[in-house]
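Please find the structures below.
Note that chain A is present in both complexes that follow, paired respectively with chain B and with chain C.
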Partner chain A sequence: MPKAWVVVYSITDFITIGMLLTVVAMNSLKRMESCLRAYTINSLLLATLMAVSAFYLDAAHLYIAAAVTLASKGVVIPFLLRKVVRDLKITHEVEPNINTPLSLVITSVLVVIVYSSLSKGIFIEGFTENTLKVSISIILISLFTMITRKKAVTQVIGLLLMENGLFLAGFSLTYGMSTIIELGVVFDVLMGAIILGVFLSQIKKTFIDLDLDKLTTLKG
Partner chain B sequence: MNNFQFILILLLSPLAQGIIKKIKALMQGRRGAPLFQPYYDLARLFRKDMVIPRTASWIFHAAPYVVFASVLTASTLVPVFYSGGLSAYFKTGGFLGAGDIIVIIYTLALGRFFLALGGLDAGTAFGGEGSSREMTVAILVEPSMMLAIFTAAVASGSTNIGAVAAFGSFFFSPAHVLALAAFFIAVVAETGRIPVDNPDTHLELTMIHEGMLLEYSGKYLALLEWAHYMKQMLLFTLAADLFFPYGIAGAGAGFGIAAAAGFWTIKMLVLCFGMAFVESSRAKIRFFQLPSLLGAAFVLSALSIITFIMTGK
Partner chain C sequence: METDRPETASSRITGKLSSACYLLYAAGCLFPGLLSLRDLLFGYSWYVSLPLSGVLTLSFRGGGLSAYFVIILSLLGFCVSVYSAGYTRHSDSPWSALLLYGIFVSSMYAVFYSANIPAFLISWETMSLSSYFLVVSDTENIEASRAGLLYGVMTHIGTAFIIAAFMVMFFATGSLEFAGIRAGLGSAGNLRSVIFVLALIGFGTKAGVIPLHTWLPKAHPAAPSNVSALMSGVMIKSGIYGIILVTFDILGVGAGQPVAGPPSATLWWGVAALSAGAISAVMGIMHALMERDIKRLLAYSSVENVGIILLGIGASMIFYSNNLPAFAGLALAAALYHVFNHAIFKGLLFMGAGSAVHATGTKNMEEMGGLIKRMPWTGLFFLIGAIAICALPPFNGFMSEWLTFQSLIMGIKTSVVFTKTFMLLAGAALALTGALAASSFVKAFGISFLGVSRSAKAAGAEESSFSMLAGMGILSVFCLLAGIFPGYMLKLISGVSLPAPGGLLQFAPNGFAVSGISSSGVLPTALLGTMLAGAALVFIFPFIAGGRRKSICADPWDCGVRRLTPRMQYTATAFTHPLRRIFKKIYKPRKEVRIDYIVKPFFTREIEYRSEITPLAEVYFYRPLTNALHDIANWARRLQSGNLQLYLGYILGTLVVLLVVWG
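For the complex of A and B:
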């Protein structure tokens, strides 16, 4: 079979592990630009995974989904967020609630929990058998990132990464839903990113700072 | 032949250092010292007289020999281009001339311990500073290095480095790539290279390895420097054996000695180039930032072993 190399070289495992690494890296990155780059790489890997699967499964609609993912999550959303970050003149995250080494250790503990709890009970055959574990780890780690970070922008990136994880989970279980649903989801995320971008500017305008701890003080 | 491979490490390690320095110089737009400069340095140092601090005890005199001997012992246990072969491994009940990886790592740790003692014994502030930093780094590096090694060991079912190298006809798997990344960071920290320590300066605020050697001169300094070069090449060889052993003689594919030596040379050059690239493109990070870098290495190696155990690749 000419397509056997996808399985032989465990391409899907490499791509999903790459996605997991970008999410883990988010916990140690301080510069906003680097966080955005991590998100971009994550989205590009997601699009690659879908393209490879489309090739392997001979599924034309997955090519469309891959292209849409590439365009929206790989290009438009990073562009929008980068613009917001530059306009707001924030370059660095303040010290997160949990320091970097500890949060890195916590992420690996999260991965262990996910892997060990999913190793029994859920059986997925085929070339995406490990994808579900990775995607659930990605969801949990991004949630953890959202909890530990103080700046609104990093929390938005955490949310978007979580969405990538959800997308990956759905993909690993269904090999892609019908195109119209994929399009709807992507459109939702795009709208979400735009609204959050506006929202960030408003927070900055009202509170001078994007540190969300300061939102507890009342403003008239 | 098994037992004489270490001579390559002994003799070629200064050359590896020279190559790294040369590549670094070229990357920075300088012409750089000649490739064989480390040999000239060592030869000159061996001819020089020594200055011994008045406060020094026998530890100061013993440390260079212990350091050199421990690195030399460790390198006798590592297969450089001939792994002994899996069949021989099972026939002889595990003894190949190649040693256990854990023994290798902790033999190196013995040398490090004595180096730190030697730094303290000289009685200067800088020596103590260097020793304390070296031990701090060691504590942080050790777990990630051991976990990365265990990934390769679990994959091949043995902690004998010869068996790991002979087993390795596998394709690259995600777990091995993660472990290699973690191991590379650990090697950078162990050899005192740039994101962790700057080998080219004697700036008192930053030096780690140089701080411990500051009071040594003449033959002792030559021994310590040589041991340092050898340790670097030993760790490179270890990385090659563990993570990309393709082309080693005595493995299943049956490579000849000449081909294996050629593969080994190429691997060493690639690693030297990678090291020089990292050194030229990164800035040294603050000492108190080190835990996050080495923490990242730890997470990489932990992820690699989790991935291997859970997914089998």
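For the complex of A and C:
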């Protein structure tokens, strides 16, 4: 194995594990500001991974994807969300449905399940070998975060993290799709974030709260 | 008045046109009927295959079993269509009913002619749906639409079982044709039993076997009487046709049996059919006995008669598994004979009841009374139907029930003590049924046609129109003919060729010898002699016993009161009261007396008396079932809490499970 590839392996693993850690950290963070920061770091790591891959795979279109990811997920969406959080005056998450130590335990169990299950069935080779496992862990953990948290803003952040995980999974399987598709996906996410921001304001206006438990009153 | 005139003129034209259409239907029924008669008598059979597209082929066949049922349908269809010409004349908008009636009759033909699974299921479903729409055709009657809903649900549950049975057949053999399935199925024991059970439940629902009968006493009274006559006469027989088709024709009960040896494994099929038959017969007639609604009484009596037919079918299966093909043939012949008989006398009775309901505007027998004076012909025809259904000679009901009796008593020839006792017990059940049937039809005829009119409407009743009487009259003649020429009927039935040991099923001569009928004979001579002597005695006895006497004209039964009012008559409820007490354990009657006093306890203003019986199947079978369903549904409602996090949890759980199982 050439030396360069060993480097690629370690860099890829380093970055993806960093992404996983930010998602795990989401479960213990209480301040909205910190949650947003975790998401920003996650997105920046994703963009970095794309750039590194572009460099080693020598694929020019991945640079574009990296740049777009950086711009949208690393800058625009965090900016929008921060604006919403400030406008709506939410600073802290209320007590989550499952307490922090237990959610961290469940998170680790999820990672173990993903690692033990994926080694049997879906299997890929190459430098993204671990990336798929990490990305699916990220998806499940973000979903879990959405379950434990009560505030709508945290839900949105969980959803965005999940999207990052999906993006990572797609990347690990295809080494980056064609530029136009990635542009489309990013545009979708951007639109989604804007629409969700509007929704948050509306929910706040209607229910005077962003606690999603209140939504049960909508049930007939 | 001026504005009314064109309307009456146009409605008269409408009436004439729809009557003409019904007569056309009647003429249309003749053709397949005569064709099938030829097929059956000369042993012809035909087969047509219609490839509709690459995947769907409809095929039809004639002759044998199909021809026999087609003859029944044609005879009844002809008479009912003639009756309908008069019955629907005063209807304002007869067109939708006319169209549905045509679809209904044609789909029944298609059911009997079908030779492969798609053709059968399509025509079966058409038959169910068109009859459903006919049941709910009285759109202003909330009772009718509820009955229709129940009928729709029950018939589709039955259809689901039928489809399941056919799917098992298809996956086992890869063939959609009945003939191909018969050849491909072989002797796979358990699979055949599964098919049998599915078919018995599915077709049993259509036939109205207890406890699957609940729709029947509700849907039949709700439908117009001409439709109830067809539904009760032929449509529920399509369930019987299905059972015979699947068990005898496709699964081939009796075919490929060893010549000698212990009873085969399919013995329990016969026991199952026999038990279902016995329960339906006894319980059906017991419910009929307690009814005051004349059409519901007839509907319950249909349940009873389907039970009697099943007794014959079950006995036949038991005989086959005991290697007694002659008795098996006899039992099956009895069942087929009773199918024919019940179709015509129940059709007749429903038409008679329809005329009475039409004339009096009520279905409650307690409000009829004395109709025989107002409607002598209808009364006569209803009486003939009632005598036939009570299995009294010389009418047809007697012959088939007697043959069923004979075959059940021959159960003593089977090799296992269990079946010996069981079949004799079934015979006892049939005897009880016969007695109760006689009692309920004495009630039905006596309360509604004899005595004094019980209501103003009944007093003003008018005789039905000619075409209605003609429809009933033809069936009455057939009731008599099928009763005094059983030999010809059995010859016709022996044309129904079903696979059996040694080639086609033959109704062996010694089978007839058992029953005491030679194939060309009329009524057994001894019996006829006894009957005539008995009848003569009735006339002669007064002269011998009484001597000369002066006759005094007076109202009968007035006991010197002189002024008899309708309220003094025996009522239907009172008539059946002794039986209600005898069978208290089964009926579980509930009584409720409410007295409204002016001065307690001497002067009463009003006494209200209400008594009703507990419907066993509803209370002990359906209510627990629906309660359990409600409980499950209530429990499942908790899944839908409205909590977003919980829904997300479901997604996460599903994902993790999928990952672990297929990851």
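Operating definition for what follows: the second predicted complex is superposed on the first by the 210 of 220 C-alpha atoms of A that agree within 3 Å, B and C clash if a C-alpha of one lies under 4 Å from a C-alpha of the other, contacts with A are read in each partner's own complex, and residues count from 1 in each chain.
Criterion: a contact is a pair of C-beta atoms (placed from the backbone, for glycine too) under 8 Å apart; a residue touches a chain by one contact, two chains touch by 3 or more.
All values reported here derive from a predicted model rather than from experimental measurement.
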item	value
Side-by-side fit of chain B and chain C on chain A, or clash	fit
Chain B versus chain C as contact partner of A:187, first or second or both or neither	neither
Angle at the Cα centre of chain A, taken between the Cα centres of chain B and chain C once the superposition is applied, in steps of 10 degrees	120
Which of chain B and chain C A:199 touches, first, second, both or neither	neither
First, second, both or neither for A:17, with chain B first and chain C second	first
Which of chain B and chain C A:79 touches, first, second, both or neither	neither
Contacts of A:117 with chain B and chain C, given as first, second, both or neither	second
Minimum distance between Cα atoms of chain B and chain C in the superposition (Å)	15
Doubly contacted chain A residues - partners chain C and chain B	none
Chain A-touching residues of chain C, taken from the complex the two chains share	640-645, 648-649, 651-652, 655-656, 659-660, 662-663
Chain B - residues contacting chain A, complex	171-174, 177-178, 291-292, 295-296, 298-300, 302-303, 306-307, 310-311, 313
Chain A - residues contacting chain B, complex	8-10, 13-14, 17, 20-21, 24-25, 28, 100-101, 104-105, 107-108, 111-112, 115-116, 119, 129-130, 133
Sites on chain A touched by chain C in the complex	97, 110, 113-114, 117-118, 120-122, 136, 140, 143-144, 146-148, 150, 155, 212-213, 215-216, 218-219
